[in-house]
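My questions all concern the structure below.
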Amino acid sequence: MLLDIANLSKRFSSGGRDVAALNDVSLTLPPGETLGLVGASGSGKSTLARILLRLTSADAGSIRFEGKDWLALSGAELRRRRAKMQMVFQDVLGAFNPRATVASVLGDPLRIHDIVPKVERPREIATLLERVGLPASYASRSIREVSGGQRQRIAIARAIATRPSLIVLDEAVSALDVSIRGKILELLVELQQERGIACLFVSHDLAVLRAVSHRIAVMEAGRLVEIASARQVIENPQSSAARALIAAVPRLVTGMPERPHHDV
Amino acid sequence: MSALCEIRELEVAYRGNSVPALTNIDLDIHAGERLAIIGESGSGKSTLARTIARLLPAGARVRGEMRWSLGQAPLPGRDMGFVFQDPAASLNPVLTVGEQVAEGARLHLGLTRRTAYERALDMLERVRIPDPAKVLKAFPHQLSGGQRQRVAIAAALAAGPGILIADEATSALDMIVQAEIVSLLDELVREAGMTLIFITHDIALASGFADRVAIFRDGGLVEAGPTGAILTSPKDVYTRALLASHRDLSTPPLISEAAS
Amino acid sequence: MRRIRNLMKTPEGMAGFGILATLILVALFAPVLSPGDPLRIAGDPLLAPFVDPAFPLGTDRLGRDVLAGIIHGTRTSLAVGIAAAIAAIAIGLCVGLAAGFAGGLVEEALMRVIDAFQIVPSFLLALAFVSVIGASVPVVVLAIALGAWADPARLTRAQVLSIRERDYVAAARVIGMHPVEIAWKEILPNALPPVLALSAIIVAAAILTEAALSFLGLGDPNIVTWGSMIAEGRNVLRSSPSLSIFPGIALVVTVIGVYLLSEGFGKTLAGSEA
């Protein structure tokens, strides 16, 4: 197993009340698989992603990643091993230092993890850009000068730069236009097949997860309520949370508008 | 249906921007219809909503005509309600929910403080907020995103406007809350015989309840017409591309299932 | 360069830039514009202004050239004002960054120190400091900075706390960037602009504080300053008000120039973010 999460819990205190953001969540992810993590807002799926990336701490539970106790790592050792687990954020604007250039965004991970010798870095940056469908000349641009869809391509290039075995995508296509969304999803699937990267794809949109996930995990109020193959979750949902999420996906209604489909 | 508003050769440009945000728009809004304005980012759909609601920033240049059947343009707040994408930004954080919902009713209906509060309570019930009497005294930050949007809808409808404009009112919400808010809007508008102008990037979401759709792209109107007709036989290539890029649960996945 | 061009587009920025550029030129070329020691006795005492072309603004009680004093006083005002502001912002940045990054007990302790300095009126602090240590330019600079660093420190800490939570800082952590590099490259440059915007207010306040100290006789006695000129003129305020008015005008123009410039910067910054 590439990733083994066991009994993970996290509580937040907000406004005097103690809220369980994660309640005893366990799941596993084999190499090269995409697991879709779906839930309404506040279901704890983003908290899970942030704990996994060691951006916030867990209260209880364990994570084994590539056979090692991931939560026990710290300092230089953690920084070194971070190369293997990368992330793509939702906010295509906020995920980049506003002062960065495309070259510095991609050059940083290459430098930090010494992926290629310094002299070969510009060529590696060009290769990464071309791999995600952008011209190599983009390297000299400021991150402010590129569009939202292109920025998400750069974010993906940054994530694959360190040759990770797992990428966590937190609502990675939710902020994009529909026409761009499809192309980014295709790129992600292509990269996964080519490099055998496992993905944890967090989203509130089951239609997006259906497109890219082998399995889907459903979360509700901090708990994992259902986990099965994508087809099974969508065709035969077991939990009320999954049924509500399925009913909420808008469908193209081509006839005359009748009673809307979403009276859950 | 009679035209409530006839928009002719409308052109809008923001200050300091030589390229107009909208050009050459001809569109009728019918009284009592649910009209969906659909487009991606940069299509000009929000500019159109802001032009109709007279919410354009200072210095914006508007050319062309907007002929209202009533003779005069509807007054924002009284004759026209507006719901924004981000309820956190449109609600005042230091006023209670009750004060904000009652404000419109007091201002435009000339109600007393007490009757305005009764009306606010009634409005909160109509947008189906659980425990409305308690929410009336709450501040916006104490509510969830979905509840805040319900409050914003209640505030927009408090003065009993004939037109409601919803600008990406569900895009910041998760799918389940989005479905709830859409069916709520649909129902409220049906009940009151209001005209709804629903701005969205999601053609499927609009297809579920809009009478007519207008597709926008790069500041221009691509095509407009009855929802069924546009969706079954789109005339424009762009509309077809937009429909093709829609993805729902019946769309074949991009991965081979065998890998699992 | 682009910033300055944008700045020149706002009327405030243009006016402020014009005033300050002139003052800086005057300060730089003071020995050329008015050769010799401005404190030397140059002519008859109490010459009225606009009478003798050799002394366009007249002379004071000792026969010193008022125009020469104002020209050389520009140097002191600008130098002390700018040096004090740089010192205040440097101290404030260091303390604010330390508080923002350290967190916990260190942050608590630093914040209480900041509180202490904000509670004591800064002028009183400067006055006490100069009285105890003695008047010289470096001491005056330090005294003014001591009363002015708390605001930038507080603002810097707030900036650090807010920027630390941004996605791009999370992204930097995810790629394994060292915390020191994150602080230096990701947080500091983005935390700076609002702190630097504060610098104009600090410069203006420092110029005024310096004038007030000199007025009270706590400036460096070997250097001509506008404050000491106003104090000097005070003795003959009824018979020769011009002795106080001219350095007063110089002071007002300088402070207005600084404010206009900061206003212009504020507008261009707001414009570029919109």
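Read from first to last, the chains carry the letters A, B and C; within each, the first residue is number 1.
The working rule: a residue touches a chain if its C-beta (ideal position, glycine included) is under 8 Å from a C-beta of that chain, and two chains touch if they have at least 3 such contacts.
Predicted model only: the values in this text are computed from it and were never measured.
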{"item": "Residual chain clusters - subunit C taken out, nothing else repositioned", "value": "one piece"}
{"item": "Among all chain pairs, the one with the most C-beta contacts", "value": "A-B"}
{"item": "Subunit A and subunit C: spacing of chain centres that average the CA atoms, whole Å", "value": "49"}
{"item": "Centre-of-Cα separation between subunit C and subunit B, whole angstrom", "value": "51"}
{"item": "Euclidean distance of C-alpha centroids - subunit A vs subunit B, Å", "value": "31"}
{"item": "Of all residues in subunit A, the ones touching two or more other chains", "value": "none"}
{"item": "Residue ranges of subunit A in contact with subunit B within the complex", "value": "15, 32-34, 40-42, 148, 177-179, 181-182, 185-186, 189, 192-193, 204-208, 210-215, 229-231, 234, 244-257, 260-264"}
{"item": "Contact set on subunit C toward subunit A in their complex", "value": "166-168, 170-178, 185-186, 189-190"}
{"item": "Touch list for subunit B against partner subunit A, complex", "value": "40-41, 142, 144-145, 173-180, 182-183, 186, 201-205, 207-211, 227-228, 231-232, 241-243, 245-251, 253-255, 257, 259-260"}
{"item": "For the subunit A and subunit C complex, residues of the former touching the latter", "value": "50, 53-55, 78-80, 82-83, 85-87, 89, 91, 94-100, 108-109, 112-113, 158, 161-162"}
